[in-house]
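My structure is below; once you've seen it, I'll send some questions.
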């Protein structure tokens, strides 16, 4: 299944590795903050009785 | 406007104004570098233009947050904003005052520091020219960065982060001008670029800085 | 029906909630197709060996790093001129994504440079410009975080983005002048597509499309978050006042 | 007689939230208006808006372009400059250098003219700050807590200066807590002008109305 990467295996794998880590990182950060802010806003709206949009 | 310039200059040279600190800092940087890279004259001569430019840049950076911070704290900036001087002029005058108290002394002192770094003979001329042409841009860009951070309690570090990338073109062309000049190469391109950057910066950036100050006073 | 309708936060929230699942699906499909195709099913290049597989992430991320800054410039201008809050918040939301793209481009460039040029880091004009671009992203993000009042922050970062764009361009030119580099321009850059044979070109197209879609998804998610957080701040301030 | 300063249906915001609305008044030559209201009700914000430091949320402010002289909480004094140097600077900014001597005399600062501003007491600094108004040569004074840290004698001194200014065809808008002893001044209480919430028909602070 794995392609034969030859002498550059380390380079190619680490490049893909770094990319995947960084992309997963930004996606996870975005989702985590999205969830946190959404919960905080819902709590605030319930407390103040403001209507949502 | 002349009154504002005179006031800023007077404040800078009076006690606590910090005049001369930048120069002392420049001297220390120049003295520390040989300790780091070794006393060998050839190496020092080769890296001298870069060291002098980076030193001038850092010395300039050191005094930037004072451009408006004191005026902001004591309320003068509010009063200046309501005075009949346009904010663009206030920014330009303050940048000029900063240059006269920081940039100009650096330009004049640089040849002395060049001796410490074994700068070759023909380079002195170009050193003075390139600093004289380039440092006004540093002051104006610094005034812009200071305008962005004027309301912030701990703006110093952020100010450096904002301003240093803006200094890259000036630094590159400035150091390149000295390097080419001392090697007898073609100096027209870097000199024109350096002068162009300074001219455009001095003409346009005060508008951005004034806008930033108005936003910060809101 | 005008495009400015979507600058209304309520309208934006409704529309983006509807569009987000579609974009997410499309982004996932395109990105996975492109990367799997590129990684598993492309031959070695004669002169680069298997390192050629790195272009499937290096080229799209580098493109996005620049394009995201351009997008931030446009949205900042819209905010400064027309005062649409969503526009300013979209610029804020895009910046960290742009920084990540810049980092990916730099890392993959360095990793690639090691076997090709024999060094991890070369002060090559393109690499150096990306480093400077990264610094601009950092400063922009730091300024957003340093200022409490959201409208002040939006104005100031907008002005910084404007001035920064000019100086980023200027730096690019200055760096070019300073060092004519090793970076292979023609053989791999996408605007010279005749130099890349079809075997590499098609998966690359998928990857580029995938990165663009991924960016759209991230910006939508993050802008929605910023809109909510802005709304939260307004409610809190009103509560304090009451 | 035409008004020097006319405010119509003005709404002002602090931090993006409306705090005062439906503010209306006008000032003609010789008139003084005292603004009152509890702390945090928006006096300073209103004055800053009228002085042109921040844009109004709604409504209109009509005044000649160079009519207003603004004095904030802070006096904008430079500690290392002398009293007369401080004053000369502002006089030069406003192009009124010939007024410095009379302003010093009026605020009873002549004896201190050569002292550095840092050696002044709080009340003396405040007097210097108010002397600055005299060298602006502008008809409408917009003053934020002008009598803070002044003793009774200095308040009287200030009231006299204010009276002289009004007599010369000037006007003044003053936010203050204490009585400055100006019989002719009209008082405007800001408490009923507090902005209502947007859902009750109040002015909206730009962003949140889009959610309603």
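By letter and in written order, the chains are A, B, C and D; residue numbering begins at 1 in each of them.
The rule is short, and it goes like this: contacts are C-beta pairs under 8 Å (C-beta built on N, C-alpha and C of every residue); 3 or more make two chains touch, one makes a residue touch a chain.
Since the structure is predicted, the reported quantities are computational estimates derived from the model, not experimental observations.
Chemist: Most central chain by CA mean?
Modeler: B
Chemist: Let me spell it out: compute each chain's centre from its C-alpha atoms, then which one is farthest from chain D's centre?
Modeler: So the farthest one, by centre of C-alpha atoms, is A.
Chemist: Specify the chain pair with the maximum number of C-beta contact pairs.
Modeler: Ranked by contacting C-beta pairs, first place goes to A-C.
Chemist: Go ahead and note the Å separation of the Cα centroids belonging to chain A and chain C.
Modeler: Each chain reduced to its C-alpha mean, chain A and chain C end up 15 Å apart.
Chemist: Which whole number of Å gives the spacing of the CA centres of chain A and chain D?
Modeler: 52
Chemist: How many Å are there between the centre of chain A and the centre of chain B, using C-alpha atoms for each centre?
Modeler: 41
Chemist: Once you find the CA centre of chain B and the CA centre of chain D, what distance in Å lies between them?
Modeler: 37
Chemist: Counting only residues that touch at least two other chains, what does the list for chain D look like?
Modeler: Each of 210-211 in chain D touches at least two other chains.
Chemist: Mind pulling the chain C residues that touch 2 or more other chains?
Modeler: 9-10, 231, 235, 238
Chemist: Scan chain B for residues touching two or more other chains and write them down.
Modeler: Within chain B, the residues that touch at least two other chains are 218.
Chemist: Within the complex, which stretch of chain C touches chain B?
Modeler: Counting only chain C, the residues touching chain B are 132, 135-136, 138-139, 142-143, 146-147, 152, 155-156, 159-160, 162-164, 167-168, 170-171, 173-175, 177-178.
Chemist: Sort out for me which residues of chain C touch chain D in the complex.
Modeler: Residue list for chain C touching chain D: 8-10, 83, 85, 149-151, 230-231, 234-235, 237-238, 241-242.
Chemist: Report the residues of chain C in contact with chain A in the complex, numbered from low to high.
Modeler: Checking each residue of chain C against chain A gives 9-10, 13, 35, 39-41, 44, 49-51, 53-54, 57-58, 61, 96-97, 100, 103-104, 107-108, 111-112, 114-115, 214, 218, 221-222, 224-225, 228-229, 231-232, 235-236, 238-239.
Chemist: Applying the document's contact rule, which stretches of chain B touch chain C when the two form their complex?
Modeler: Touch residues, chain B against chain C: 144, 148-149, 151-152, 155, 158, 161-162, 164-166, 168-169, 172-173, 176, 189-190, 193, 197, 205, 208, 211-212, 215-216, 218.
Chemist: Note which residues of chain B are touching chain D in the complex, please.
Modeler: 2-4, 7, 10-11, 14-17, 71, 73-85, 217-218
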